[in-house]
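Across the two complexes that follow, chain A remains constant while its partner is chain B and subsequently chain C.
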Partner chain A sequence: MSEETTLTDKKIFTPFNIICGIIIVVGLILTILRFTKGLGAVTNLDHNNPWGIWIGFDLLCGVALAAGGFVTSAACYIFGLKRFHSAVRPAILTAFLGYAMVVLALNYDVGRPWRLPYPIFYSQGTTSLLFEVGLCVFLYISVLFVEYSPAALEWLGFKKIRNLIVRMTLVLTIFGVILSTLHQSSLGALFMIAPSKLHPLWYSEYLPIYFFISSIFAGLSMVIFEGSLAHRFLHHKMDETHLAESTGVALGFAKAASFLMMGYAGIKLIGIAIDNHWHYLATSWGQWYLLEIIGFVMLPAYLYALAAREKNLILARWASVVAVLGIVLNRLNISVIAFNWNLPSAQRYFPSWMEIATSIFIITIGVVAYRFIATYMPILYKHPDYQEHQ
Partner chain B sequence: MGITRRKFLGWMGAAIGATTISGQKTQAATTKQFEGHPGSGGVLHDITRCIGCRKCEEACNKVNQLPAPEKPFDDLTMLDNVRRTDDKTYTVVNRFPNDSGTSPVYVKKQCNHCLEPACASACFVKALKKHKTGAVVYDASLCVGCRYCMVACPFNIPAYEYNSAFSPRIMKCTMCQPRLEKGLLPGCVESCPKEALTFGTRKQLLKIAKQRIQKYPKRYIDHVYGEYEMGGTGWLYLTGTSFAQIGMREDLGNISAPQLTAGPLSDVPIVVGLWPVLLTGIYAISRRKEKIAKEEQNEAVAATLSAANEEMEKKLAELKDKMEQQKEAAINLEIKKALKEAADQAKEDDGNAPADGPKEEK
Partner chain C sequence: MDTVFYTLQDFMTHSKGITYLVMAGILIALPLFWCFITDRDEKKRTY
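Moving on, here comes the complex of A and B:
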């Protein structure tokens, strides 16, 4: 919190700081509770519902929404769309912090967090998709750290090593895409082991592809959404290039997301056709499913297309909010809402307020860290010593 | 944007293609049935013989040193609610009303010790393993507590010690693996007064089960539950009441858990092998495009420049021409003017003495 106070320069008790302070205090109390009394003391998890929102929201949504890192850097460095260059650093930073929050949340969720390195270093359960997820996330977070590090090194003034890392950009980007492809899709594949528990409308042999493609437009949407937040609160930190390119980034991403989302809605329907699950659409689960697809995929896709055509930045931002909510809805549907759908309602899971508060606490830590880094390090602007492109 | 879009689609096309191919492989694999380790054991639970005395629950609690229950095991009011296994109970007996409305049916529930266990294939540290005795055993010293095994188990068997902060364990029936190693029967089997539980190799048990069905076709439904369910289970069930009635799912299918996830797992090498090639290719193309664009740009600039030069020269030449013309005209004019002046002068001077100034000498 001490950084917080120096951040604002003026007052300590700004609304932002007060709210953050309260959340962090509550979060710390819950943390103590969790690690001294066990999961049972803070969560509503039970034997039938072993995974709650710490997995469904913190892990699944966190990873999907952090996909902006690999999408943006791939667009810029591999696809050669240099006009997105100024979006790369903020996207990488968000991705890095996003994954850091995911790992933090995992420490709360698993029973013995000090054993989290086990699957990688001690006893590899290679038949498990969770193993693949764990390995890829571990490798990718390392890659993200390296990708992010030039900003910190510029800030600290370590020129040589910074230049060395910048020269590895292409390799790092390719690594990032491979690892992201693997773990984004594997997160969906996690649920393929439980066809008897996940509602047939959401269960599909194509879950890995659904997760991968939706992660791309989740990442694109998050870059747009986060851009609008940054413009509001960190405008003074942006240099001319960033400001000049940002509208183009948002509209370009909006257009790409619109195409992807339309394609995604299409393959979702193909999945239903292949399994011949049309009849489920007439049930109340079907309505819920259609709400997700029409209201939170097709609608934002349409809004994006409109925004790109009319060059309407505000509309693109609103569409990104809907699209991000849609991703959250989708991931929660698969992991919590439509999972165990056939259990009687008394045995269904609903998160406790403490689980929700802990999730908010973890997000808050991420936001504070972003603010700190974006305030001090060259994220939204280029460091004066390193003006050349790349 | 046009090219980007195409590239994006091509990229995805490759991903979809990769998964579809392996998806077919998964399906092809399902025609094979894994028979289990040779000689691996199991238990046959003849539901028609069970009287709901809960003696097996009691024995299980004792041999596994589980905490004492709130209500004693001879308190049969526990049967009023349908229960599941939990962190203090490896096995439960449940009571269900009979189809025909006659005496109720009692069903014992515990880990089924699947031939290809979902839990073990899901565990990312191999804390759960299928032993060659047939038991699916758990090693708490490896467990991270991710609870993916609980997500994976189609029978909702593994339970978790949610209230332990420092050493929470997965809790589930071990088929009394420690006792089997000593040559003893599982606790529940030993304690059953009605021989509703029979221990043996899975092969023997299947034979016994089918014999019973054949001998008493009225007493039993013609299906051994667990022969094929989820790829086959170590525990097998005989019943006279429909499975739906007694809380046993019939929609699990015969595909074992490892086959369900074989597709995505086999995609890993494809992605790892294909992506670098594809991405470097795309990079090369975009670089080349950039290079060509740059060259073209340079050419265009040069062309414009030289065109501009020519134009300039032309203009200059024109200007020069014009200027010369003007100059000439001006000179001519001057000369004319001078001539005229001279002529005027001459007229004026006519009578007078010849003056200075130019004279006509014609």
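Moving on, here comes the complex of A and C:
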């Protein structure tokens, strides 16, 4: 890490800042439109399609891809794989920001942000899966905030409270695994109430299991992908330990993701067999389904396996891109593309440009926040005052 | 698949039979895949 990169000697008008600035200005205008004129002014949602990409992409993909936090911390602190320790803080930060962006996106979809705490504190719908998801996300984002806070506290110089929180690491990790298991699977279970709306190839009684297992390799892939971006753009912020361990982290996670993805493809096959849905594979929907499973699950699994065998870091990084795209495709298929599949095409949903721009705006806020935190706080390096600590 | 089922028993027998065959295939394929992933790893002594 070089100390000479400070705010003062950096240019303000870099291409990154200009593009982010434009996106944020457009996003703020759309935010005003959304909260003053309502959903109809900015979205193509209707009574047939009440959930669009703000749920299908921002929420479902955001939650799945933020699973790297609990996967990495469980690998390191519960399973004792200390060689992955340097990946924990970046993964926790990505997860925390991911969930924060999920909650932000949820506000755009449901509106009236001041009522967001109502389901938790005022009117609990304890028989609803959405209540369970909401409660778990509320608790898990709190856990992630506490797990992330030592980095901020080291930056601010609050040693005592930082040391207290570090002592709770194992408990927080166990909480994180429990809460993630609950809500990752419940997000899949949400779609089990719509067997007539979701295409039979994607609908299954095993949806909670599919969502949970796919979230694990989504998290692993996201850690590899985020690590490759950090190497490209924040290389100067990494210390020796981080640089030395990063290849082992990527190849270790590639090996785990590869085996999990092949297992996932296997249980998807079992899902088709138990429901006897083989005949749907011969339709155009079947070809789309096979593209998802073969092109975006089995192919990256094979690439990961090759990368782990050959110790090929570049291949592992490319495989992570395909795997992340595969998770996005899967969640969009279930929530948008194969949802209401039997409606006439005129009644099908396609997002408006303002919905897409709002999603890009939310992702951009997350990227800018990550860059700010990773630049100033000890995420990719150990703070000089805490070298001997975990 | 054009198989016609007249009873739930027929359907369950057929679909479960295929499922068990698929599961057997997966149980054979996954350990082989694990060997493919790990066969170039350095062997660790476990004794």
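Quick note on the criterion: the second predicted complex is superposed on the first by the 379 of 390 C-alpha atoms of A that agree within 3 Å, B and C clash if a C-alpha of one lies under 4 Å from a C-alpha of the other, contacts with A are read in each partner's own complex, and residues count from 1 in each chain.
Heads up, the rule we're going with is that a residue touches a chain if its C-beta (ideal position, glycine included) is under 8 Å from a C-beta of that chain, and two chains touch if they have at least 3 such contacts.
Please read these numbers as outputs of a predicted model, since none were measured by experiment.
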item: Contacts of A:L116 with chain B and chain C, given as first, second, both or neither; value: first
item: Chain B versus chain C as contact partner of A:L156, first or second or both or neither; value: neither
item: Which superposed partner A:R309 touches (first chain B, second chain C, both, neither); value: second
item: Contacts of A:W51 with chain B and chain C, given as first, second, both or neither; value: first
item: Partner touching more residues of chain A, whether chain B or chain C; value: B
item: First, second, both or neither for A:A189, with chain B first and chain C second; value: first
item: First, second, both or neither for A:D275, with chain B first and chain C second; value: second
item: Chain B versus chain C as contact partner of A:M262, first or second or both or neither; value: second
item: First, second, both or neither for A:A41, with chain B first and chain C second; value: first
item: Touched partner set for A:I78, first chain B, second chain C, both or neither; value: first
item: Residues of chain A at both interfaces, chain B in one complex, chain C in the other; value: 255, 259, 263
item: Chain A to chain B touching residues, read off their complex; value: 35-41, 43, 45-48, 50-51, 74-75, 77-81, 109-113, 115-116, 118-119, 122-125, 127-132, 134, 170, 174, 177-178, 181-182, 185-186, 189-197, 205-206, 208-209, 212-213, 252, 255-256, 259-260, 263, 267
item: In the complex, chain A residues that touch chain C; value: 255, 258-259, 262-263, 266, 269-270, 273-276, 278-279, 305, 308-310
item: Chain B to chain A touching residues, read off their complex; value: 1, 4-5, 7-9, 12, 15-16, 19, 23, 26, 84-87, 118, 120-127, 142-148, 150-152, 154, 156, 158-168, 249, 251-253, 257-258, 260-261, 263-265, 267-268, 271-272, 275-276, 279-280, 282-283, 286-287, 289-290
item: Residues on chain C engaged by chain A in the complex (per definition of touch); value: 1, 11, 14-16, 18-19, 22-23, 26, 29-30, 33-34, 36-40
